[in-house]
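Below, each structure is written out as structure tokens.
Here chain A shows up in two complexes: once beside chain B, once beside chain C.
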Partner chain A sequence: MRKWIDRGLPIACAICAVACCALLLGIVATILARGLPVLSGEFLSAADGELLGSGGIRYQLFGTVLLVATALAVGAPLALGWALVQAVWVRSQRGRRLLRRTLYAVNAVPSILFGIFGLIVFVKYLDWGKSWLAGGILLGLMIVPTIAVALVERIEALPAKYVRAAAGLGLSKGRIVTSVILPQCWSGGASGALIGLARAAGETAPILFTAAVFSGVTVPHGVVESPVLALPYHIFVLAQDSFDPEAGAHLWGSAFVLLALVLALSLLALPLRLRAAEEAQHG
Partner chain B sequence: MADILRMPSAPRPILSARAVSVASAERALLHDVDLDIPEAGVFGIIGPSGAGKSTLLKVFNRLLELETPPLELAGDVRFRGRPVYGAGVDADALRSRVGMLFQQPVVFPASIRRNVLFGVRHVERLSRAGLEERLVEALEGAALWDEVADRLDRPAVELSVGQQQRLCLARTLALRPEVVLMDEPTSALDPRATAAIETLIRRLADVHTIVLVTHDLDQARRLADQVACVCRRDNVGQVIETGCCTELFDNPRCPETMDYLDSRGTDQ
Partner chain C sequence: MRSSLARWASYGATGLTLVFGTALLVSFVAQSLPVWRHEGLAYVTGSVWHFRSEQFGVLPMIYGSVVVSIVALALAAPLAVGAAIWSAEYLNGRNRWWFKVPIELLAGIPSVVYGLLGVLLLRNWIYELFERFEPLSGDTLLTAGVLLAVMILPTVMTLADDALRGVASSQRRAARALGFTQAEGVLRVSLPQAAPGLVAALLLGLGRAMGETIAVFLVVGRQDSQADYGLRSWLEAGQTLTSKLGSSETFLAYGDPLHWSAIVGLGLVLLALVLSLTLAAGRWLPETGLARNRRA
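Our next item is the complex of A and B:
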């Protein structure tokens, strides 16, 4: 029996791994095959046309970048603060456990709930209507756990000798954070931020009710009643009309651009992730 | 002779501990420690592994407070007659006056220059010229200037372990501390690097108070003016005996000291 388990387990694991890779490659290949022919300079730079699925995706791209940048501006400081509280300021193991579990719980909240929260708070209560800022804030809140977990892992892997040595020289805790911990742990936070942004760039649910519209807007000039066009929402709406060949082509082109954006962010995070792992290993 | 001359000349200790006890959540680490460390010279702390020597060292500059999980401290610790613990005492300022050299050299991933000035830059406000002056002074104090003068902007990790330890000493000296606590500073070094550090310790003792934790009894005999022996009694670390070197090594009074000296004598 043990022999069977020894032989069967690696085979089962290999099948699972191959299935995952095949699925991922299948998705990427489909999007590449259907999206690449649509891609052109005009598709990327032109504004959307009057008919469904006509024109380009200039303002969808702009809106996505604006939402992602806002998410970073909101999420990164919050995550940094959270990570420092959890890994540096709170000394009791119980307190740290509580913060860690809260972080995982926030990470597990379905994105549609963030959307509903945004609808109640920003759209209704603050009376912003649909606003790019509301979408950016919600996406920022969503990526806090991803950034904070990466940062906490890196801070906890930082050898205690550095903190002790700095404290032994009379540096205050704040100075130790800015001169020892952050310079040596920024790669962890940056890789977490890029992975979080890759996730935020592809989210539809949080911006569905709060920030995105399908057409009729360009660049927002304020906060209240200032929605944006965004790639995920654009794809979502086009997918409902994908039987129309024109809309279908536009859909695959948009999907290709979104995939490239997400992939680029993930690839940018890779060397930082490797660097963080190497630094953690060698101290 | 040196022992006799140095011993009684410091009526008021620079560091003192009265009824000091340290405990973790699980067990007591130090119990009822009474110790006076005179100003200037080398004060050695010897004793078996796990007796609490390093813990005792950390009591004096409050590095104990950084331990995780936290340790409980009771008793009275004083630096120049003033309480080390308590409300209103600036622990960071204290640590810049009571510096520490660790067992393993800890260099930051930065240049030699930045490493030496790491503490000074954050603790004091000095001009660029002042910082340069302090850099040279510290490196000369640690007998490292001649070896690194032409490569101050090279990464500190390129130095040998012995040089790294002297770099750490230079970093501590750059703050012009009154006391330097040394936790087995030569245990990771080869004999040549050890000899260099020992020469330095003896030289620094003219101006600074050095508190040296060491396992090497010969080193303690060579360097220390006075020695305290920390041993486990009733399963908790205690200062069993203090005295001048010759007295403690040649005529120990307590059985724990005798056992320890005998065991180390057999080891060495």
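Our next item is the complex of A and C:
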């Protein structure tokens, strides 16, 4: 009996593990098999056609890149400041714990609520209408916890002797932050930022009411009433009207491009995290 | 001089983030006040949502959210915990890394892509599989639950793996020295010791399932009224808090203060459910594990 359990448990667990990996492979393979034939230079570079789901995805791609870039410009400084306050400036354990809990609470807020919040503040109260800037700010706020937590983990893992040595040389605390802590920990922030951007690129719910439209716009000029097209929103709308086979091919192509973009950003973060793991071992 | 500049810039950024967070919370409470005054407690217990007759009961949506999340967790939990045991107890460093990379990538797939797979594949499979129960279509609460199960799998698996690896290896060695087989060590030492972390992993998975919008929206059927609350309803179209919030009714409602506050109230109920799950998980798992909770 004991022997059977000892043999059976790893087999059962391995089956679970293989099933998890098979799910990923199945999903990626499905998108690949149906999306790859659609992909061409023209599909990426042409604007969308007159009919639903015809033509290319030039401005959808542009809109997504614009939203993600804005999210980075908004989210990175906020996260950097937060991480420094939590890991460096605040000394009391109570203060740090409070900041950490707050960050987790923000992280748990469902993305649709950011969308409704953006509708209240940007679209209606500030009267921007749908605007790329509103979408970028909302996505930026959403990824603050992702970047800040990655940065805090790296700062806390920094050997204390580095900071002590710098203090012994007579460096001020601000100087220690800019000359010791940030150069040593930037890769943590960068990998957090890449993962955050991968999430921001794929988000639909926050831009649903605040930034994205389905067709009729190209490059925004200004902020007010300046929506963009975006890949996730494009897929979301087409998926609700999926019975037209022409739109179907277009849909798989768009999904393939979005998935490739997101996975590329996540994979870029891997070497940075590997380096972090190695440095932690050698201390 | 430089010290104070870096310091004030950091505090400024933190303050700004806190202002946005507080504004979010305040706007959901303040803007939903009219509907609480109009409906009272009947807002969460009423089962009719009909905005033309100014009836706002969100019980069907709460029911939908709870059902899809529980279905998702029931399907994902065994698979995720099994995979986590495999990764934490049977794999060594390098092999574990090769296993965790695809899981991390699985966590990164956008929800709209899951939604697309749900629309084009899963809802047909569900329809065919349960054909003898005569569902009206493949858009059901069950479909949304199955789709969510795949989506929360990486979250639960990563957190469960962290919890198991938090058990000191000296405990495992002690178990072996007492004559336990490896499997007995896992079942009688690692799992009980990791139990708080595992519970937290499940609670966070539940919270994540509850907050997911886009994929659920595409396959849940989006029907406001719930004919019955029995098992049969799992194979009928339903509505969740999130799918209601994501519908075009949100845009339409803005002009009418009462209707709008009923929509915002859905958000407040959702926020309360998700935050209490997260806080409960935080009690079990006070340290950094919560950071791995990927947003829905």
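The rule is short, and it goes like this: the second predicted complex is superposed on the first by the 270 of 283 C-alpha atoms of A that agree within 3 Å, B and C clash if a C-alpha of one lies under 4 Å from a C-alpha of the other, contacts with A are read in each partner's own complex, and residues count from 1 in each chain.
Throughout what follows, contacts are C-beta pairs under 8 Å (C-beta built on N, C-alpha and C of every residue); 3 or more make two chains touch, one makes a residue touch a chain.
It should be emphasised that the depicted structure is a prediction, and the values quoted were computed from it without experimental measurement.
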item	value
Which superposed partner A:232 touches (first chain B, second chain C, both, neither)	second
First, second, both or neither for A:262, with chain B first and chain C second	second
First (chain B), second (chain C), both or neither touched by A:19	second
Chain B versus chain C as contact partner of A:175, first or second or both or neither	both
Touched partner set for A:93, first chain B, second chain C, both or neither	first
Which superposed partner A:149 touches (first chain B, second chain C, both, neither)	second
Touching partner for A:166 - first (chain B), second (chain C), both, neither	first
Which of chain B and chain C A:215 touches, first, second, both or neither	neither
Partner chain(s) touched by A:184 [first = chain B, second = chain C, both, neither]	first
Residue contacts with chain A in the superposition, chain B compared against chain C	C
On chain A, positions contacted by chain B and by chain C	172, 175
Chain A contact footprint on chain B (complex, rising order)	61, 63, 66, 68-70, 92-97, 99-100, 102, 104, 106, 108-109, 118-119, 122-123, 168, 171-172, 175
Contact footprint of chain C on chain A as seen in their complex	2-3, 5-10, 12-17, 19-21, 23-25, 27, 30-31, 77-82, 84-86, 88-89, 99-117, 119-121, 124, 141-142, 144-145, 149, 153, 172-175, 177-178, 195, 198-199, 201-205, 208-209, 232, 235-236, 239-240, 242, 248, 251, 255, 258-259, 262-263, 265-267, 270
Chain C - residues contacting chain A, complex	2-7, 9-14, 16-18, 20-21, 23-24, 27-28, 31, 78-83, 85-87, 89-90, 99, 101-106, 108-117, 119-121, 150, 153-154, 157, 181-184, 186-187, 207, 210-214, 218, 242, 245-246, 250-251, 254, 263-264, 267, 270-271, 274-275, 277-279, 282, 288, 290-291, 293-296
Of chain A, residues touching chain B in the complex	91-93, 160-172, 175, 179-180, 184
